[in-house]
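Written below as structure tokens is the structure these notes are about.
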Amino acid sequence: MFRSDTAPALITSYNLRKYFPIRGGLFSTRIGDVRAVDGVSLDVRESETLGLVGESGCGKTTVGRLMLRLIEPTSGHTYYHPSPETVAKLESLYATLKGGVGGGDGDGGTGGTPEAQAALKDLDEIADQYSLYRMKHSKMKELRGKLQIVFQDPFSSLSPRMLVRDIIGEPLAIHHAGTRSERAQRVAELVQEVGLNPEHLWRFPHEFSGGQRQRIGIARALALRPEFIVLDEPTSALDVSVQAQILNILKKLQSEQRLAYMFISHHLSVVRAMSHHVAVMYLGEIVERAGTEDLFSRPLHPYTQALLSAIPVPDPTLKRERIVLKGDVPSPAAPPPGCRFHTRCPAVMPVCSHTPPPLIEVRREHWVACHLYPPTGGEVVGVPIPFRTTAVGTTTVPQAS
Amino acid sequence: MRMWIYIVRRLILVVPIIVGVMTITFALVSALPIQDRLISSFGPPPKNAPCGYSPVCPCSVFGLPQAGNCTNPLYQRDVNKLGLDSPVYVQWGIYIGNSLTFQWGYVDNHSGASSADSLIQGEPVATVLSWLLPYTLELAIFSLIIILIVSIPLGNLAAVYRNRPVDQASRVISFSGYALPGFLLGTFLLMAFVLGLGPTFNGEDPTCKAQSFFQVFYGSWPSQLCYPNGQWPSWLSKGVITTPTGFPTLDALIHGQGWLALDSIIRMVLPALVIAYGTIAGLLRFVRNSMLEVMNLDFVRTARSKGVPENVVISKHAGRNSLNVTITVLGLTFAFFIGGFPVVETIFDLNGVGRMFVYALLAPYDFGLIFGSTLLFTFLVVFANIIVDVLYAYLDPRVRLG
Amino acid sequence: MSAGVTEAPAPLAEPAEAVPVARRGRRPNPRIAQMKRTWYFLRRNTLAMVGIVILVIFILIAIYALFQPIPWTQLQQECASSGLYPPVNGCLCTYSSGTVSPGPNCYQTPSGYPSDIAPTIDFSHGTLGPLPLGSITTAPSNPTFYNIYAGLLRGSDWSLGVSVAIVGTGALIGLLVGAISGFFGGWVDEALMRIVDIFLSIPQILFVIIVIAVLVALPVFQPFGMRVALLIVGFVIVWWPFYARIVRGQVLVVREQKYVEAAKASGAGGGRLVLRHIIPNSVYPIFVQMSLDVGTIPLLLGTLVYLGFPVFPTIYFPEWGSMAALSVYSGAGASTFTDALLTCQFGTCVIPWWQFLFPGLMLFLYAISVNFLADGLRDALDPRLRR
Amino acid sequence: MSAVSQPLRDASPLPTEASFPLSAPAPTTPEPIPATTLSSPVVLDVRDLKTYFFTYDGVVLALDGVSFKVRRGETLGLVGETGCGKSVTAFSVTRLIPDPPGRVISGKVLFRGIDLLWGLDAEAKIKINPKTGRAKVRRSFRRIKAGLERMSAVRGRGISMIFQEPTQAMNPVFSVADQISEALILHQGTHLVDEMMSATPDAPEVLPAMEALVDVTRAGGDPDTARRAAAKVAEAVHLPSFGTQSFYLVRDSELSSEDMVRRLQRGLRRTYLSRMERRYLRYRRKRMVIEDELHDLYLSEMREGRVDRRQRRILRGRRTRLRLGGFYYGVWGIRGRIQRPLRDEAFWRTVGRLEEVSIANPVQVAKGYPHELSGGMLQRVMITMALSVEPTILIADEPTTALDVTIQAQILELMRELKTRIGTAILLITHDLAVIAEVADRVCVMYAGQIVETARARDLYTHPLHPYTQGLLASIPNLERPDKKLSSIPGSVPDLIHPPEGCRFHPRCPYAMPVCKEVRPPTTVEGAEHTVACHLYKGTVAVE
């Protein structure tokens, strides 16, 4: 799935699954699972941004936390700086397993065939060597300096009883980076980098506005000179103007420090402004993944199209034809069989209701999980959404009935 | 349906708690000297027993020919019964078994403080407590009613009219309630009635008509003289335990003594007040604060924006939600509430379980009674908590379905 | 991109202006600033100020009493030496069948009527009544009167000391248990919380009583000093679960906060998380609870004594609660304040109300002032109630 | 206007292109003003509204002289960043400001000539301590209470609201049906009771209609025919709600035809009213009528600003007597039993309303509790609740902020069509300029408690005048033009305890001039329905 010829992958995940148990009944036993993430495979490339888009509850945040091993996955693995040959090996192994990566049920799916068994064993060996989730804590700890996260809520993400100085300096302190004075030095320049001034160091978080708090959060994430930062809806709690400030800072930092971002957001236009690649999630699965321009100009998956068409245009002169989806997102506790989107899909076919579509590459660097598109890999022209049919004339004010 | 599952689960959760409580008491009991344990679990040694529970005594006592000491058979028997010679877990098992089957030992109260001592001497603890429980329950119910009808409306008013006289009054009540333990408040009240009102009521003639205001409030039953031909009715044994139910008011009604029932209720007013006061104090703040929080929630605003009149908003929308908090807090403070009974029953000389607990505390202790009544009170607390939880689940759909 | 960034350094406007403290000195020491903030909110609360004032007065009294030679020590030594325990009528004047055998500090009142020793409240020569300090008499209606002035003085430091010791220890244990159970969760949490439930479901007063009643028999606790220790142990056993539950609840909230996760993300270990993040953010509710309990415990001590339960080696132990309770002491056979009320209701004799009133008032004042303070603290520490 | 645009370029310290790609305003061509907007009468007129919050830190000047008008049937957008006082405006208008600490200090809010700030005592009661800047507020609670009592006559029928967090805006302990039918009974109670009383369950033509309905459904016809049949049943019974009821009864059951008919009849039997129930309904109706009279009285008072004590006392007396009478129905749970018909009626009406907002399974939703429903669903329910009584104005406070994009699209569609059908005016409050662009006819841009610009939507988006508006528009990441650089307004919103002197935007404004620091700019007219408060523009001062 992931080509090693495009750009070296910085961090790669295979078939991540995270099931949260639902307890209930007489003795509060496990009566089911919330399938927050169900077989997600991703890779983020050096100094690039992968946008992860989806509605609330689709598991995008969980993916972010999994990739940093903030929570342990139910299954699946993540590799940091995998060597090209490792990647190639993994690719072949996963290919041998039924369903391939991303699609249906990944590893452990087919217990039966001996080659599958062998493949599983090899996978285990590789995982034991490289996988994030099999690492010792000491090793993990020093790795954490390289993998950082910026949270959505700028208000709960800073300890209210710590000084800004201590908050930003904490990662340094944890990793015993340099002497006390050196740390202070580093903290000072970090603050400069994110556009705060030094006397802010001597204040408590509650004395700052949302934007400034988010800057502090970013500074904390930068402290250990990371290579990969998960941005978990960094601006969704902020105002438009401030949001622009933050986004600009992030872009500046990326260009300066060759950072790789995973930009998690439900706000598509922001994602478009930020990211090089975009992956669209629906109900714990990735339904489409492509380069930004490609995805936004020619979205293939019906869900993506609906999502794009649903974005309001900040310009009354432009009207856009809506694909208004019916109904609600089904609960991840009982996802519908087959294609998970088929309950709301405007282009639903009989096949959708029983067989889950695999995630296949229908165009170069463009993966879709939908039965509409044959797995030829050949050039398929997506159905572009009709934009900007300008509705000029009087603003429509209805008559009072 | 879900509700039933909830209730059953709640009941199942009770078992470990009760066993745990018994384990704690077991740990305490097994710290006692063996003699005390024997007495507390088998009552005083029978009169004909030559040398009580002492492990060994001269064989001559048993009329045996040989000299020196022989082991005391009584001691042997009872030690075996309690399994004191077997490992701890066996003792634990026996103890739990006995406690669960209400075999709480026998009363050995030689302090002679209680007028009913001769009655209860040597009786099984459970039996004695079962005589006394109804009175305590009646008092508890009465004071619970007082608590509810005072604290909920007052707390809500205090929240609605924040920082205004009602609120200040509630604040005064709650603070003073924190700072006035039962024995202080009770004695203050007595002093007030005696020093203040007592003298104004004193009269010479000995019938209960002339009883002082103070005496009307004091004590569980009027003196003998207050009854038709100068002595207790048959169903009122020594004015302590009534038949058939044991609830004074109820019995009085059963026996058609309306004025006596009224009298017994009047006599419950002061004690109930004293008991209720502390709990009210604790409750008021919670009710007020929770009401304040609820009143700032969105759905109250929604109700207002619907055009619902203010009083309905407060009583229906906000009140129903703050009621949940109130009930929970009531459940939490129930242990304190129960803990007030020994004091109050002592001050006002009421013959309830708490009073019996205090008797048992007079040296030499009557451990059978002490632990028995502790267990009893603990059961009360636990089951009150169950009721509270079920009520809560009934009131709040989120709990019921969650 | 940078072209888009119109980052003027100036307009990073300080919302910090909202906080008056931050606008003073150019770089205020933040900790002080925060204390100032709390103090500032405390100061606006009249009741809290009243409470503080009363408490300060009590503390001064306690300090003063420490340096006062007061005969109560002598009393208690003699009590401890004389074997009879618990001394129902006091160990100095053993009262038996209507006759008083005078002890060293003990004499018969001329007429033997308590009315002769009713207090003329006169602090000028440091006494509440005509009797010399610490002297003791008995009255026909047989309650033991003694001069309470000394006890009132001395009581301050006992009440404060004992309650502070109990609360401190209990809170420490509770903090530990609560933090552990909250942070680790899972079966640890389950087990600990079940235990806490068990402890909480026994009525507190009864629990304390049975614990002490059993332990008091142990020879370890016989000496005078150890009795107080026993008292503290008994209370702590009963008290820690409250704190444990509070802390645990708070920790559960804090643990989910994003900043904890952020620390985890930068590799912080469990110890650091607990010490640097979780505990600092979850101690505040305990402070309030602690301050409340410091006020409550003397009351409970009094209750215990009142129930005729020998917490202290002598019933003359100068602790407000027990002093007040002593005067209404209702043991079997012992003449009780209540009996006195009953017998005196027709004005035939004087009820020794001062014996009860002054310790009771001290107790009440102390407890209520502590409560004022605690309430003020809660409001000052909880930003939600502040606005 | 070109004269206006001139000083702009001179004054701008920065390269305009870089900072604000939508460059300084080009001259606007005067366009034909849509007739509906101007001709249609003003329903809500807010003049110079001032709302302060008296906190420990000081007085927060949340609203400082806000004025706008809402015309019948139009959608007015109120846009601005957080803390600019959008929501405060809404709550001041409906007098839902939590008091303390909030307080409407001065201004006028006229709803169809009714003074909504009735009984509000002026700032005379407020003493501000010059040293600490903290204020003492003395409130006369009786007047406030009276004011709120009167306000509840306007809420609901006159002005109703939707809130941001649908999950928190619904009462968790009552079912959805309870909460909607509360509004129904409150505002359409008499009508409802009348219909129930005049129902004819034993009419001869009921049975055949039922059988027809059952047959149609069994035949598996499309829902519309079934509905039509149900409607026939309803008019046979003279009870609209019974149509809904029978429709769902038949649809959701697998019984055989004749059982089904029997089942329907059982359902119908509920609508036979026992003597007790009739009596109760009559009593309830009387109370409702009195409530209405009282409301009308209140409205007239608020219109004329006088108080007719005598009449109100009479009404009060009757009301209390009724309340005492109500006790009789309350005892021994009689109320519960005799209320059932009313509750059923309200329930099925609620179901009907829920159908209208295209909820697939209205019966389950109506029976459900808020915590069982998703955010989007709840928002629909909220809208139903707000619009079920067909208010004159709907104030929507960030109705879609908490929702996902697709759901947001649904909700916006819904609001649009409901608006066309019922013809309520909507005051839409949001921070999302795009949403505004979708639905609003006119837009007010707020900044730091003041309205800086008001214009018709198209004018605003094509030629924004106020620098703040320009900056705001420029900083939206636009899906259409991803290549365009993302610009931003430096700094952040000022805190309103110590707002900047003069123009509150000047610390962040790239065109800031000396005058901006001293003088608060007047609101000037810059074209048709286009007013702006900025020193850059020298139009004629707008009259309130």
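Order of writing sets the chain letters: A, B, C and D. Residues in each chain are counted from 1.
We take it that a contact is a pair of C-beta atoms (placed from the backbone, for glycine too) under 8 Å apart; a residue touches a chain by one contact, two chains touch by 3 or more.
Just so it is clear, the model here is predicted, and its values are computed rather than measured.
Q: Centre to centre, using CA atoms, which chain is the farthest one from chain B?
A: Between chain B and the rest, the longest centre separation is with A.
Q: Weigh B-C against B-D on C-beta contact pairs and write down the one with more.
A: Between B-C and B-D, the larger count of C-beta pairs in contact belongs to B-C.
Q: Taking each chain's centre as its mean C-alpha position, how far apart are chain B and chain C in Å?
A: Computed value for the inter-centroid distance: 25 Å.
Q: Counting only Cα atoms for the centres, state how far chain C is from chain D in Å.
A: The separation of the two C-alpha centroids amounts to 54 Å.
Q: As a quick test, compute the distance in whole Å between the mean CA positions of chain A and chain B.
A: Between these chains, centre-to-centre, one finds 60 Å.
Q: What are the residues of chain C that contact at least two other chains?
A: Where chain C meets two or more other chains at a single residue, that happens at 1, 4-5, 7, 12, 15, 18-19.
Q: Counting only residues that touch at least 2 other chains, which ones in chain B make the list?
A: In chain B, no residue touches two or more other chains.
Q: On chain D, where are the residues touching two or more other chains?
A: In chain D, the residues touching two or more other chains are 486-488, 490, 492-493.
Q: Going by the contact rule at the top, pick out the chain A residues touching chain D in the complex.
A: 55-56, 209-212, 239-245, 247-248, 266, 268-270, 272-273, 292, 296, 306-318, 322, 324-325, 327-329, 387-388, 394-401
Q: Using the touch definition up top, name the residues of chain B that touch chain D in the complex.
A: 161-162, 164, 296-299, 301-310, 317, 320-321, 324, 395-398, 401
Q: Please output the residues of chain C touching chain B within their complex, sorted ascending.
A: Answer in residue numbers: 47, 86, 194-195, 197-207, 209-211, 213-215, 217-218, 292, 295-296, 299-300, 302-303, 306-310, 324-325, 328, 330-333, 337-338, 341-342, 344-347, 351, 353, 356-357, 360, 363-364, 366-368, 371-372, 375, 384-385.
Q: Give every residue of chain C touching chain A within the complex, in rising order.
A: 1-2, 4-5, 7, 9, 12, 15-16, 18-19, 22, 26-30, 34, 257-259, 261-269, 272, 276-277, 280-281
Q: Can you check the complex and tell me which residues of chain D touch chain B?
A: My answer: residues 94, 96, 98, 100, 141, 145, 148-149, 152-157, 159-161, 163, 165, 168-175, 182-183, 186-187, 369, 371-372, 382, 385-386.
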